[in-house]
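Each chain carries a letter (A, B, C, D, E, F, G, H, I and J) given by its place in the written order, and its residues are counted from 1.
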Amino acid sequence: MAEYLVQMQVNIPPEMPPERLEELRAREKRRGLQLRTEGTIQRVWRVPGRVANIGYWQAPDATVLHEKISSLPMFPWLDVTVTALAQHYLEAEDR
Amino acid sequence: MAEYLVQMQVNIPPEMPPERLEELRAREKRRGLQLRTEGTIQRVWRVPGRVANIGYWQAPDATVLHEKISSLPMFPWLDVTVTALAQHYLEAEDR
Amino acid sequence: MAEYLVQMQVNIPPEMPPERLEELRAREKRRGLQLRTEGTIQRVWRVPGRVANIGYWQAPDATVLHEKISSLPMFPWLDVTVTALAQHYLEAEDR
Amino acid sequence: MAEYLVQMQVNIPPEMPPERLEELRAREKRRGLQLRTEGTIQRVWRVPGRVANIGYWQAPDATVLHEKISSLPMFPWLDVTVTALAQHYLEAEDR
Amino acid sequence: MAEYLVQMQVNIPPEMPPERLEELRAREKRRGLQLRTEGTIQRVWRVPGRVANIGYWQAPDATVLHEKISSLPMFPWLDVTVTALAQHYLEAEDR
Amino acid sequence: MAEYLVQMQVNIPPEMPPERLEELRAREKRRGLQLRTEGTIQRVWRVPGRVANIGYWQAPDATVLHEKISSLPMFPWLDVTVTALAQHYLEAEDR
Amino acid sequence: MAEYLVQMQVNIPPEMPPERLEELRAREKRRGLQLRTEGTIQRVWRVPGRVANIGYWQAPDATVLHEKISSLPMFPWLDVTVTALAQHYLEAEDR
Amino acid sequence: MAEYLVQMQVNIPPEMPPERLEELRAREKRRGLQLRTEGTIQRVWRVPGRVANIGYWQAPDATVLHEKISSLPMFPWLDVTVTALAQHYLEAEDR
Amino acid sequence: MAEYLVQMQVNIPPEMPPERLEELRAREKRRGLQLRTEGTIQRVWRVPGRVANIGYWQAPDATVLHEKISSLPMFPWLDVTVTALAQHYLEAEDR
Amino acid sequence: MAEYLVQMQVNIPPEMPPERLEELRAREKRRGLQLRTEGTIQRVWRVPGRVANIGYWQAPDATVLHEKISSLPMFPWLDVTVTALAQHYLEAEDR
């Protein structure tokens, strides 16, 4: 599995109607949990003070990674930066 | 208590109706005073010429800090940067 | 334990004598393995193409985190950026 | 007293001889404590992972502030950013 | 008097109705002339090619400076950067 | 094979002795041709006006990619940026 | 043929009506395939996580290149960066 | 005559009605040709892939330059950067 | 007279021998006072915390301005940014 | 002929021995005049306050352009940015 650092900034406009936002959030959470359960999202943290997160993702390749990220219901409002990760020697022994 | 530098830029659109802005400001001030009274916001300064501020905040951890920041009524319009702060040796003696 | 994303760029000058570099690397690896074994460095990845890494660190607070990072023998040559991490709701359930 | 946010990055070259570095650090600490005792440096925090700090300083004006900062023995190696601070309305009441 | 370099970028949306723009400009000019007459704006230049200006302002402190800047009718559309200025030795003699 | 855009800026100091530079360039070219022949470097272009290049590389994963890049004799002087590439739909048909 | 690296970020607003977006995408794909068939777009990759792509284009000169890029139906929403490419010595032999 | 490099990025919103855009473009072209004929715009090039241009302008001073630039009908949508140009010694002989 | 904002950052290496630095400073001051007396440097302020200054300069044109700036003994160590200034309407009346 | 905007920043270290600098400058001028005479450098201006220039160059393609730029004796100390230029419609008529 290829490894990636995925940083997401969510840019939902403040004037989005609350019901629509709530529905969007519910769908986002559902899809997020699926990606987490299936192991695509290995870890994810919130960036404090922002509607943003940093995640450690795994996918067979960058094409599948893109499909997974763009399957998020909030994708049209996301600003995403992907960094390919290589193995560090400190982890070489134990894997 | 963990310590943080919290920098906030407020991006309220100029075309927001004045009554809504006033009401939003009133709620923001109320919540801000609560955070200040309870000690979450230890100090806060305005950046001159901008609708922006720099604060020295305390919270048990980054998760609670995020809850506090996102409890501000203006949160959807804020651009916030959080910097974790460590103890400086000049302050080690007197604390 | 507080959680941090720690990004490190190593700026060793190319003209450092090879024996000194080797000795420095050996000490860096030894200290790195200690930090990894004790759980300070939870995960660490290499940024491909660069002498740089991205790590997920844990420490009681930012003061201890700084002590740990600055205990690395290569610290005088490091350019380090620390981001405090908060809990993401996708992980709230399972922890 | 005028108020300032003072951010300092210390760029001592790693190849400085240890005795010189130690002597420089000792003098820096002495001068730093003076500035802290006299109330010029009101608060100061270390930026974790970096030889850098963020301080809340007070001085009669920017000319005196510059004299105070440039009186630090490490000044030739410092990269300093000063931000003038204004009073925030959350603090207006209690001062 | 404290001294400041004040840089202003005016971001009026091109679709603002002409009468409103004209009225806003008239009020801006009136307030600008007051600030210039009273000596808050000592000098001001236009940045060629932009709706932007660079000014040399004087105010008792940053709090008053902020009040003066935010009293401009165009303030909600301004992006302002303030730099505190200290005395330069070339001017020390003649002041 | 995973695909990457690899951008390299070469920062050889101008004062490197000419013979050393020549020898370094000869070794760099030899290793570059190997990487090109084996298919790691699929395409490479020079950025005009700079000692810099942009390449389209293929490798099984980011760990091998890093090994290949760091096998270049000029690696200690390189500033490299790697971008993981995914398949574009315009190429989906013909591969 | 002159060679160019063309990087495109697509900034379609999330609130565009789905039918319009679909029709725009269909036309974009049609024009993209023409440019690819005629050899203007030699290669193109998607930047994972973004509605963005990186392409290797060929055109007689920058004027024709601009005509080709601006013939894309999505051009009004594109943020495009063009880099002129020169021949690298590793490719000099085999062309 | 003073000399300037004038870089312009045109930010017309994609949703501007076509007739209005056409009319705006016609007026822009007319004014542009006047500035070119009178010698204010000495040379102008398009930045490929962008609605942007780079020009070499002449004007008696920066105040007149600003009047000329702001006389363009598209001025409210322009993001302009002006660089003052001095004579280069390679041109000193032949002027 | 053309008007310019001239921002200077002085990058003297900390390891310059003190006598050489002193001699350089003495010559810099002498030349600076000449430029100030002759009216080229109209005003100049120190940026607090930095060896940097912001000046309001006047010169017949950018070519002469460059000659004046490069006549400063510290010129080889300066990082200078020049902004051409145009007349602001608030000053149009009184000049 | 392809057209390019070529921006050059010259980074000669201040401590280069004066005779070497003079000799380098003499050779640079000689080569610059050749490039100007042969029409590669069509126009060139100095950026006031900096050892930098902006030029309008012509070359058959980016590969030849790179050869011309790198033939300058100061090339190892140059930081060069090349922008490909396309024809602007204001110049289409008269060429």
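Assume contacts are C-beta pairs under 8 Å (C-beta built on N, C-alpha and C of every residue); 3 or more make two chains touch, one makes a residue touch a chain.
On a predicted model such as this, the values are computed, not experimentally measured, just so you know.
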Moving only to chains each one touches, count the minimum steps from chain B until you reach chain I.
2
Farthest chain relative to chain F (centres taken as mean CA coordinates)
E
Candidate from B-D, A-C or E-H with the same interface as D-I, over half of contact pairs in common
E-H
On C-alpha atoms only, rotate chain D onto chain I and read off the angle in steps of 5 degrees.
70
Rounded to the nearest whole Å, what is the centre-to-centre distance of chain A and chain F, using the mean of the C-alpha atoms as each centre?
29
Hey, how far is the Cα centre of chain C from the one of chain I, in Å?
43
Determine the centre-to-centre distance between chain C and chain H, using the mean Cα coordinates as centres, and give it in whole Å.
50
Set of chain F residues in contact with two or more other chains
3-4, 46-48, 62-63, 65-66, 82-87
If you go through all the chains, which pairs of them touch?
A-B, A-C, A-F, A-G, B-C, B-D, B-E, C-D, C-F, D-E, D-I, E-H, E-I, F-G, F-J, G-H, G-J, H-I, H-J, I-J
Residues of chain D that touch chain B when the two form their complex
3, 5, 29, 32-33, 36, 41, 43-48, 53-54, 56, 83-91
Which residues of chain I touch chain H in their complex?
2-4, 61-63, 65-66, 82-87
State the interface residues of chain F toward chain J in the complex, per the touch definition above.
12, 14, 46-50
Name, in rising order, each residue of chain H that touches chain E in their complex.
4, 6, 62-63, 65-66, 69-70, 76-78, 80-82
